[in-house]
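Take a look at the structures below.
Same chain, two partners: chain A is paired with chain B first, then with chain C.
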Partner chain A sequence: MNEQSEGKNKNNRRQFLKNLGLIGTGAVAGGAAIYSGYRFEKSKDESGERIRVLTADNKLVEVDKSALKEITLDITELQKRGREGLPGHRWVMVIDLSRCRNARKCMEACQGAHQLRAEQHHINVLQMQDSPTTAPYYMPKPCQHCDNPPCVSVCPVDATFKRADGIVLIDNERCIGCRFCIAACPYSARVFNWFDPKDAELHKDQLYDVELNVPQKKGTISKCLFSADRLRVGKMPYCVSACPNGVYYFGDENEDAVTNGTTKETFRLSKLLRDNAGHLLMEELGTKPRVYYLPPKNRLFEFPDKNILDNEHHT
Partner chain B sequence: MKRRIMIKYLTILIPFVFLYINSYSQTEEWIVPKEKKEVVSTFNFTDENIKSGESLYQKNCLSCHGNPTKGNFAPLQPSPGDPASEKFQNQSDGSMFYKITEGRVLMPQFKNILSEKERWEVVAFIRSFNKNYVQPALAKIDEFKGDAVNIEIIFDKENRQLIAKAIGTVKEKIEPVKKAEMVLFAKRYFGNMQIDESKRTNEEGMAFFRLPEELPGNDSGYVEFIVRLNESSFGDIQKTALIHAGLPKNMEKLTDQRAMWNITRKAPVWLLISYFGGVLFVWSFIVYILLQLYKLRKIGSEVTNNE
Partner chain C sequence: MSEIKNEYIKLDKSAEQITTDLMRPVNLSIGFKAWMAFLIISLAVCIYAYTIQLNIGLGVTGLRDYVSWGMYIANFVFFVAASLIGMLIGAVLGLIGIKWITPLVRIAEIIAVAFAAVAGLVIISDMGRPERLPYVLMYGRIQSPILWDVTVVTTYLVMSLLLYFLPLIPDLAIGKDKLQGVPKIHKIIYNILSLNWVGSEEQIKIIHKSVRILLILIIPVAFAIHTVTSWLFAVTPRAGWDSTIFGPYFLSGAFVAGSAAVIIAMFFFQKNYKLKDYITDFHFDKMGKLLFLVSIVYFYFNLNEFLVPGYKLKQADAIHLQALFNGNWAKLFWATQIFGLILPLILLLFRKMRKAFPILIISIFVIAGAWLKRYIIVVPTQEHPYLPIQNVPDYFMGYTPTLIETAITAASIILVLIIITILSKFFPVIPIWETVHENKTDQKS
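== the complex of A and B ==
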């Protein structure tokens, strides 16, 4: 009994010393490992190799090579990029009603780019006549990209959103097809994919880009995107560049400049609107549209049907 | 009274007179000034010129004039016509160049859109459809040699004007370029915006451009200016300068304000308070009931234990 207890005591002390030794070496080894790791990370930071990078907002910055992380453009990255928008811009469109003669090139270019069916329109050219005694005119009508967008307010799943640069986009991957936004939009700017999209088989493996909203998806909303993908590379929207009659101006409110899509001439936005009495569509609703209209005065083209109110389509 | 009636009639008449002149000029043959007709290119039309002329044509002219030789031009009044047609090809190079430069009615002015060289390249492309075409002798370049002409840009902050000075070398002596047309542009995202009107240089070779009061610049107020010499005899000469002459771009992001349509973090305060307040109220009510039930159970078990 005694021997056993003595042995136990002896064992205890030995055990204690053994444990102490183990913990000691462990701590030293662990510390060394952490320290060397820290040294390694630090040495990586100070590799000294610096690289110049052009940021998205066109600034040249210098960063350490180790800080670089290559980003592959997968669907998540495209969605993230699409939500942020282009910094420092506020896109604005001006439509000159006196120049439109219903060439419909804008609609063709738009439907081609966004893989839309013939009956779906992100932009539509309407025949207008305000009253039987006034002159008829053509009016292209894209999404107004409101600064107070009712369609975004009603979206229950955050699928449609407004970006810092003013564009209202739709994310197909989030859209549940409830069509609240169609009901909320006073400009009827949105379309629904009731059927399989155009050439669905052909585009089914394409990577979904939220800034182009292709491939389209059955059961989701589609809308005008101000060709956000083109703006990113410094080009004007599809409809604007396709117009043969100089109807569209597109530009940046921040720069107070708009460029004509046909002639490529650049004008001061404030002066253009002031000199030509630019107006907004249904401004009284408080939606604050980003698309301005210049009135159809001094029309450059004869209107084919003198009085479209007599036309059977309008009765 | 009579005078009043006169004025009334005149105000009615004047627009008609203008309309008449306008419609008259539209149907009238496009008359090119004689001295402009005789203008010739400063360079030979090579295959390379024709190629770049083709891409310029496709960007700027195709929508109305169609593909040359195909006759698929737009049905406009006055008719744009096919550039490969005889009517087009019978003109002199100078006439074509003048028409592209100045424009008329529906034909846009390309003076400030395409450079001198680019406009000649379009002419070269149009000429490539005429097998009988022989290019006339090249224009003689003035005393100023192309490369030797330079533009200096000076910013006069006090008077808010930009002074562009054109200098060239004549017989190895530096001299101002007099009476040359200069244009000032400010660089914008989709193109260059013309500032003030085009000016002619004075005896010292200087042109003065008035800058608008509120010209937006970059984040710190710098504007990239481009001065171009619109004079064919010198070739294509332009100068770019970054000058602190604008307003800094400081408009807030459009998503910065609290609004119904914004993300949850940026929702209106009243909405956040009422929603989260409501949720909190309901949950606290549920917790209160559960607490009461627990208390009841506790009292019940105490009573049975005592028994």
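== the complex of A and C ==
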């Protein structure tokens, strides 16, 4: 009795599988027919015109014109490309302290581009004097875009992040305003929007670009971005272009080349640093900055206030 | 050795008498209502201050780009600190079998729950975008000490709540029959919360076991919450925060703040709830000795924290220490160290000073000092960054708390008082079941 019913079951199963196979084959054949029909219909749309396109990783490819789709720059796309960065580059800045005369054009250009208040500095030109017996000098101080950034380590929500191209950005759509990064940064490179940002009403409908960090947002951090938006279109950062005194060099460590923002002359980065004894700011903290300084030697101008050590924060 | 361990007050009372005594404060007296009304009105005023901050931004505080952490963070650290006393008294002293803590355990646990719960809230007042709080869970990065802090503070709060609630269950069962002069709803709540407790051997075993496990587990969690809180500062490269002993330094300081808080609470409960027979001079004396012990450990860490960098005087440390020792922070620094630590240490050596009233005064100084000490740890360091503060308005160089942020800070303290008041007024503040039980075994022996 049992055996019999088992045999019957087996038969049933075999029959079922057979049927399933038939249905499957039929479905695939039908699907293929529909698909080829679709392809045929679709091929009518193809213009036949081929276009060469340079991809983001520098490959030249050919595609049909009809396959091209313009990407609208919505917030999702801006955020995506802002976090990915510019592949293949390692941005680097060199600041020549012997040339800075405190013209402050860099500060102006920067504050204008990033919609900052007068007291908010992404780049700040500081009056420095290392010790009472040494000469004072001016030191422009942007974010150092550290390779070991303390600010990024402490951020609880990945609002500030390090890109593969070396830039440290801040996403004010993510920032919760805890200011742990301000506490952690030894270069005082970060500012906070304590109130509604400058001209908030004017910029309120502007699309947020993480590479420019505008519009600024109340209750979030802002900082120097190495003008990531300008680099994307092949231009030098705002501060670098604005300098009248040839203080800034900007370039790509991978190419070992930096270009002076004022004279547009290009130099070999390694040679420039070697010949001029380039150094990093507070290297001993292990932050691995991406901004190099050339020493303030042979300055051809007078420093206005020789006793700055007395009225500095130290006392 | 066992003699010292088992030292506690023997009550010359029947179980019936003890139950009545300890249940008596559980009622909604006029005094309680007036006190709660006062607290709630003050809280409402202070919450109005917070709405101003929400509208205008954190700019309503005295904080700016250089000193960007101030009173809120100092207050947060203080709250986390004060909450640790629940672990010290309940777990450390409890597990090594110290008997005199019986009437104090619940007070310590109430303080732990109140401060830990509000610590979680006050940190939100420091956020530039409080509505993004869920981001901490959604996008949390495990590298950030803030994540560690959120995790351990919530864990500690839940465990402290359990350690408050579990030993309360037998008392709730007693209370649902014995409570007098309270609204019906009060008894219903007691009935529900008592979870059908009948005092069977099985139930007693379960409670003992779970409390014991919690007591063991809460020790590392409590160590973690304050160590991690100290790391919010110690992981940064700033002079004054860049210290390797911040974990134990904060931890020892926490016990000082917490012990003082318990002594103050003991005094008010003894007076207002008429518990003179249960919280006695003997308990104040013991707590005085505990306060001395934790204070001398804290003093030792202070010595290390200031003397070692003070000897070397590396440039950045020198600037920081100069500001504390004889610069613009000197008055506050020395007042805090002398009146909040050194003087109490000397006074606590005398038996007379460990009596109820003198030790209350000492504890008020200690707890005020503990709060100010957090302020001195948080603020001055930020006034001396590595690079000079330039091209900003002059007031960016320092920090003065505004009225609004003081009010918001006051709100958090009021909230702590509300929680303490409610927990100690709706439920018996001294464990009834345990007191009766201990007294019984004592009379037998």
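In this text, the second predicted complex is superposed on the first by the 249 of 315 C-alpha atoms of A that agree within 3 Å, B and C clash if a C-alpha of one lies under 4 Å from a C-alpha of the other, contacts with A are read in each partner's own complex, and residues count from 1 in each chain.
In this section, a contact is a pair of C-beta atoms (placed from the backbone, for glycine too) under 8 Å apart; a residue touches a chain by one contact, two chains touch by 3 or more.
For clarity, every value in this text was computed on a predicted model and none was experimentally measured.
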Clash or fit (per the criteria above) of chain B with chain C on chain A: fit
Touched partner set for A:190, first chain B, second chain C, both or neither: second
Touched partner set for A:218, first chain B, second chain C, both or neither: second
Chain B versus chain C as contact partner of A:254, first or second or both or neither: first
First (chain B), second (chain C), both or neither touched by A:122: neither
Which superposed partner A:198 touches (first chain B, second chain C, both, neither): neither
Partner chain in contact with A:156 - chain B first, chain C second, else both or neither: second
First, second, both or neither for A:282, with chain B first and chain C second: second
Touched partner set for A:175, first chain B, second chain C, both or neither: second
Chain B versus chain C as contact partner of A:81, first or second or both or neither: neither
After superposition on chain A, the shortest CA separation from chain B to chain C (Å): 6
Contacts on chain A seen with chain B and repeated with chain C across the two complexes: 150, 153, 158
Of chain A, residues touching chain C in the complex: 107, 119-121, 124-128, 141, 150, 153-159, 174-180, 182-184, 186-188, 190-196, 218-221, 282, 285, 312-314
Chain A - residues contacting chain B, complex: 88-90, 103, 105, 147-150, 152-153, 158, 161-166, 234, 236, 243-244, 246, 250-257, 259, 262-268, 300-301
Of all residues in chain C, those that touch chain A in their complex: 56-59, 63-66, 68-69, 126-129, 132-133, 135-136, 138-141, 143-147, 150, 232-233, 235-238, 319, 382-393, 396-397
Of chain B, residues touching chain A in the complex: 60, 63-64, 74, 76, 105-106, 108-110, 112-113, 186, 188-194, 212, 214-216, 219, 249, 251, 253-256, 259-263
